[in-house]
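Before anything else, here's the structure in question.
As written, the chains take the letters A, B, C, D and E, and residue 1 is the first residue of each chain.
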Amino acid sequence: MTDWLSPEEWAAVRLSLKVALTAMAASLVPGILVAFLLERGRFWGRQALDVLVHLPLVLPPVVVGYVLLLGFGRRGPIGSVLAEQFGIVFAFRWTGAALACAIMGFPLLVRAVRLSIETVDRKLEDAAGTLGANPAWVFLVVTLPLIMPGIIAGMVLSFAKAMGEFGATITFVSNIPGETQTLPTAIYTLTQVPGGEAGALRLTLASIVISVGALLASEWLARRARRRFFA
Amino acid sequence: QGKDVVVFAAASLKNALDDTKAAWEAETGDKAVISYAGSNALARQIEAGAPADVFLSADAEWMDHLAGKDLIRPESRTDLPGNALVLVAPKESAVRVSLEPGLDLSPALGAGRLAMANVDAVPAGRYGKAALEKLGAWEGVKNEVAQAENVRAALLLVSRGEAPLGIVYRSDAAVDPNVRIVATFPEGSHPPVVYPAALTKGTTNPKAASFLAFLRSAKAKAIFEKQGFTVLNRPNA
Amino acid sequence: MILDVDIRHRQGAFALEARFRSEGRLTALFGPSGSGKTTLVNAIGGLIRPDHGRISVKGRVLVDTKRGIGVPKYRRRIGYIFQEGRLFPHLNVRQNLLFGRWFTPRAERAANFDAVVELLGIEHLLARRPSALSGGEKQRVAIGRALLADPHLLLMDEPLASLDEARKAEIYPYIERLRDEGGVPIVLVSHSVAEIARLATSIVVLADGRVIASGPAAEILRHTSFFPQAGPAETGALIETRVSGHEGAFGLTMLATRAGTLTVPNLDLPVGTPVRVRLRARDIILSLTPPEGMSALNILPGTISSFGEPDGPSIDVEVDCGGDSLIARITRKSAERLSLRPGLPVHAIIKSIAFDREVLGGAGGERDL
Amino acid sequence: MILDVDIRHRQGAFALEARFRSEGRLTALFGPSGSGKTTLVNAIGGLIRPDHGRISVKGRVLVDTKRGIGVPKYRRRIGYIFQEGRLFPHLNVRQNLLFGRWFTPRAERAANFDAVVELLGIEHLLARRPSALSGGEKQRVAIGRALLADPHLLLMDEPLASLDEARKAEIYPYIERLRDEGGVPIVLVSHSVAEIARLATSIVVLADGRVIASGPAAEILRHTSFFPQAGPAETGALIETRVSGHEGAFGLTMLATRAGTLTVPNLDLPVGTPVRVRLRARDIILSLTPPEGMSALNILPGTISSFGEPDGPSIDVEVDCGGDSLIARITRKSAERLSLRPGLPVHAIIKSIAFDREVLGGAGGERDL
Amino acid sequence: MTDWLSPEEWAAVRLSLKVALTAMAASLVPGILVAFLLERGRFWGRQALDVLVHLPLVLPPVVVGYVLLLGFGRRGPIGSVLAEQFGIVFAFRWTGAALACAIMGFPLLVRAVRLSIETVDRKLEDAAGTLGANPAWVFLVVTLPLIMPGIIAGMVLSFAKAMGEFGATITFVSNIPGETQTLPTAIYTLTQVPGGEAGALRLTLASIVISVGALLASEWLARRARRRFFA
């Protein structure tokens, strides 16, 4: 069963999963936070933040990768500080791939969560407040459950995007088998040489299978979340 | 058993280099990992401190760029097997063109496009543009050129019948059953197609030199020739 | 002073300008639709911050815009029963009910969950989500949620509007006990004069965003002009009485008033208990002579003290019965026919049956909650 | 048959099994919270499709699961006033009001927009969104929206629950006119016995998803046992009368009954108009002798025909007054003291003031709508 | 003012705008439709449609471009029919770029609209039904206005994605200045040559300016739509 993919291809599948899950998980909390800031905040620079969040969508992925390389590379201003102070290295590591995917998927996550926040009935939050819940608790026990559909949708988008992200990843962390070679970069490599089509197709199928799994899981989660409202 | 040799190589070399790597690994028992991407991306990554030991570029330009920044070891630079540039057409096409000075591709193109790799950025595109200029055909077709992201994509356009003509490497054209090689560009019409290889300045892996040396060996030569590359294998001037 | 409000607030085209003080343990807000009742309650509850002014409850300043004070709503310890339910859709009924409890200091968790659930008749709903409840069921859960938060201030915005009478009759005594024993000030919005008469100790009447009257319930309820919308049926006098005896065989209780004894349907209260009684003007017949052979058991002698303004066919006659003043609403025709005038001795006739629970305030307490 | 319902429907743990026929122009649904009133109305309105059964209105089959008939809701031409408003948040009040009109054939657009708006007192709200309305304002807009759809069937689920009495008093006559003139069958859910007594021509009593009684209003209202939640106050007899004269100076109107003349507050109706009057059992005093010098204007002679079951301190006495039968609720003590027994001649005493609009059904019509 | 970009660069800017607007506009109606089917429909193959819609996100853009070429190319099964029957040609045309962008942005649009549909109160639709509106009218006068925030968000995402889409476009319709050279492909080309950074940066800025404009426009629209609810 396992031999329809080569060990190296399996490595790419595993790595892609790891990268996509990490990207999704790591962007979740900041994504919800930023969505809140953008939807509810009234601060100077809100619009700038909005634009910043959308940039990964607007710019060609290669540009995003290049910017990441300049910023988070070994010699980049952020990368060098992170490496020296905290020992966190992104350059040419799978973590870098995850960072690239997280950033590329970030606008999608934020938008989905924002949409949900917009529809939350503020009156319910007020009601929770009168019952003694301070804003943090209101967020945790009322708002968060109510925006679950948006969070799930955002996670799906973020995960799916990470499964397909190629331009920023290969530009930022290259395409090192076992370390940064994700499914999309592996597929890309195969399209660059004669006779690679079959391999590309196999990997594409693997990617689709994973995504179907993720979609089914998300639908299941969403149904569960929805049942909470209409049981 | 030390660290693996990390090779940054132009994506178009994948087939030949994968085989070469396997042979080298079998012979030495050492291991190499190869990261395939566009030469430009790889060069920029080396600039940014990528942990590459060996760099194989698709053309001289990016290698020169790194050399200018003192990021490779000039003494190790070698030009690896090159390639020939050919004009291709879909296999059912009956078009005949002979690539001589005074060339005019318009009749052969008709209303179609000439598929090439990006003529500013991608080596195969630049070589093709140079050749067409040399043959006096560039001005006539330059507005008809469909520039693909890379030479494989250009080949695909011809192979799918989207474009009636295309300029690609012979190594790619030879194995695509859907295209026919119409003609090969004369060697002098464009700068020689070579793949410069070199050790990076930052490499600390002693096995990197061994890998680079192996690329120049007869075994590697055979592998490259099997994949349709022309072996030049001459030390850089 | 239990409740001291002096605020101004604009809301779109509507301006609220409310200024009143209330000593009442249960202050009723009364006024037509759109007069600003909910807005006022929201200001007390901290859901809106008034543009100007000051609110204090039992001496605790909740808002004072001048001094920049604004206690956030989650520190006010309120139980707010909203006009529109506002149950949490993602929590089941039990979780909704217990929501406030999570945030109540352990030592202050006094309300008995089981008792409240039984009072409201929602045992069988505990595992359901609000979306699967009927309108009245939602409202009952909302009441329970507020009660179980062990609030220091209870805000009730038409809490019983869509409940049936039987359920209301069960809930009233509980509210009365909260009012009388709990030491929890209550603000109640209601359109039902009967409900207000039964429950309120103070009344604030709003119209068009302004307070047009406020004061003790007994006093305000006397002024029919404040209750144009109540219809003439509900005017009446509140008098304080005391249980003086029981006639068990007939299921009757005797109440001592200054004018004499009132016989009313049985009250399960010990002799001596003070009971407030509302004598509705429409229920009182005046007679020049003490009637004989009549089913009405209550005949109080008194003297006409004054007349109200004639209102359509009717006129209110105030009768002084040994110090307690009653109001009888009779037709102008009768007044003329009987030549009624101030100083004339008359007998006020009231059926015992006319005293239903609604009219007998402060009588709750069968349940042990 | 105006309304013919025979359905079964499950909804979670709740089973509705409703079977009744109603000849009434206005059928009231009555029952405790959670008894299935809304579910039943939803089935009539086409919001839920019953599992089994048949519903027809004025002979038109709306649902028949056996024959696979299910008229979609948008073809039923209903005006449904929902228990919870359901205004369209993206439309302003005017657009909400006119929503149904877009889908009404031009020829059938009869309801007068301005008149309805004035009736409901919502002129000043027309440009607002529902989110900027108070609770009662929302409810009024919802009523207007349903009325302006020129429905062929009006479904009202506690439409007046949170309105003040003055507003209700203005809306009642309108509903009465719809009922009596419009030929639009109305289904009304209400917890208020007074409201039902005033408006209903038929009553269906629900409990626990089952119909425990149904029939003409006068008949059902007699049975106090069906209205345990109504409190004893509201029992009474409905009698049909006719305007026999006016006494303009005193603002009084005379009604002819079989037992004699009733004097009531002025009704602005021509002589001869039929008027339905509810004589509340709690308002009637019985006297062995015709009383003298008393403010009560109505003294109807009659004969005791029967006694009800004693209920606590009280007992209902049925008195036959020339063919109309009245019910007087008196204490057992009085009954014993006066030695009341069937066949004994008595006088029923009723204050004119006891007849407020609420008790005088079918009397609407000051407004020209 | 106009000379900070070369005429050819201006052409790319104009083309990018045209392509992005077309892609957004063209995918709007199908996007809303598919969102409805996925959210409300209970038909066989729903899950398959769901996966299909997400594929452009999951697959590397190059693969999407490749698939488009196979399907919508001159000899592709769909492309040949369209060309013969309707004279619609995508190959090497800006319309092809728009198609590629539309497809790449489609999952984003659909997700946003779905999220909004999910939060629509079905009871309002029922209420409209009782007032005589048939399902089509209910959709038009109740559902559609209520999901406007999701539609606007979806349009923003679709437009932004189209402004940044590169891989599928260049693979499908290649890079013909004036015809298919959009901003991202122009930027990409500049990043491929040593010393192209300055030009890439200029074009990137142009791209950001356009996107800021689009974002502001969308926020304005969203505020208008929201005012409808809370005025």
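One rule holds for everything that comes next: a residue touches a chain if its C-beta (ideal position, glycine included) is under 8 Å from a C-beta of that chain, and two chains touch if they have at least 3 such contacts.
Treat the numbers as computed from the prediction; the structure is a model and nothing was measured.
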*If you take the chains that touch subunit B and keep only those that also touch subunit C, what is left?*
A
*How would you label the subunit C and subunit D contact, same or different, if same means the shared numbers make up over half of all numbers there?*
same
*asked:* What's the farthest chain from subunit C if centres are computed as the mean of the Cα atoms?
replied: B
*Round to the nearest whole Å and give the separation of the Cα centres of subunit A and subunit E.*
20
*Where subunit B and subunit D are represented by their mean Cα positions, the distance between them in whole Å*: 91
*Separation of subunit D from subunit E, taking each centre as the mean of its C-alpha atoms, in whole Å*: 58
*Just curious, how far off is subunit D from subunit C if you go by their C-alpha centres, in Å?*
26
*List, in ascending order, every residue of subunit A touching at least 2 other chains.*
62, 66, 188, 191
*asked:* Where in subunit C do residues touch two or more of the other chains?
replied: 84, 128, 132
_Interchain contacts (touch definition) - all pairs_ = A-B, A-C, A-E, B-E, C-D, D-E
*Within their complex, state which residues of subunit C touch subunit D.*
12-13, 31-34, 37-39, 83-84, 124, 128, 132, 134-137, 139-140, 157-158, 161-167, 169, 191, 193, 228-233, 247, 250-252, 263, 265-266, 281-283, 285-289, 291-297, 312-314, 328-336, 338, 349, 351-354, 356-358
*Where on subunit E does subunit A make contact in their complex?*
47, 50-51, 54-63, 66, 107-108, 111-112, 114-116, 118-119, 149-150, 153, 156-157, 160-161, 163-164, 166-167, 183-185, 187-188, 191, 200, 204, 207-208, 211-212, 215-216, 219, 226
*Of all residues in subunit A, those that touch subunit B in their complex*: 62, 65-66, 69-70, 73-76, 91-92, 170-171, 174-181, 185, 188-196
_subunit D partner contacts - residues on subunit E that touch it in the complex_ = 123-124, 126-135, 137-138, 141-142, 145-146, 228-231
*subunit A-touching residues of subunit C, taken from the complex the two chains share*: 45-47, 72-74, 76-80, 82, 84, 86, 88-90, 92, 99-100, 102-104, 128-129, 131-132, 145-146, 149, 155
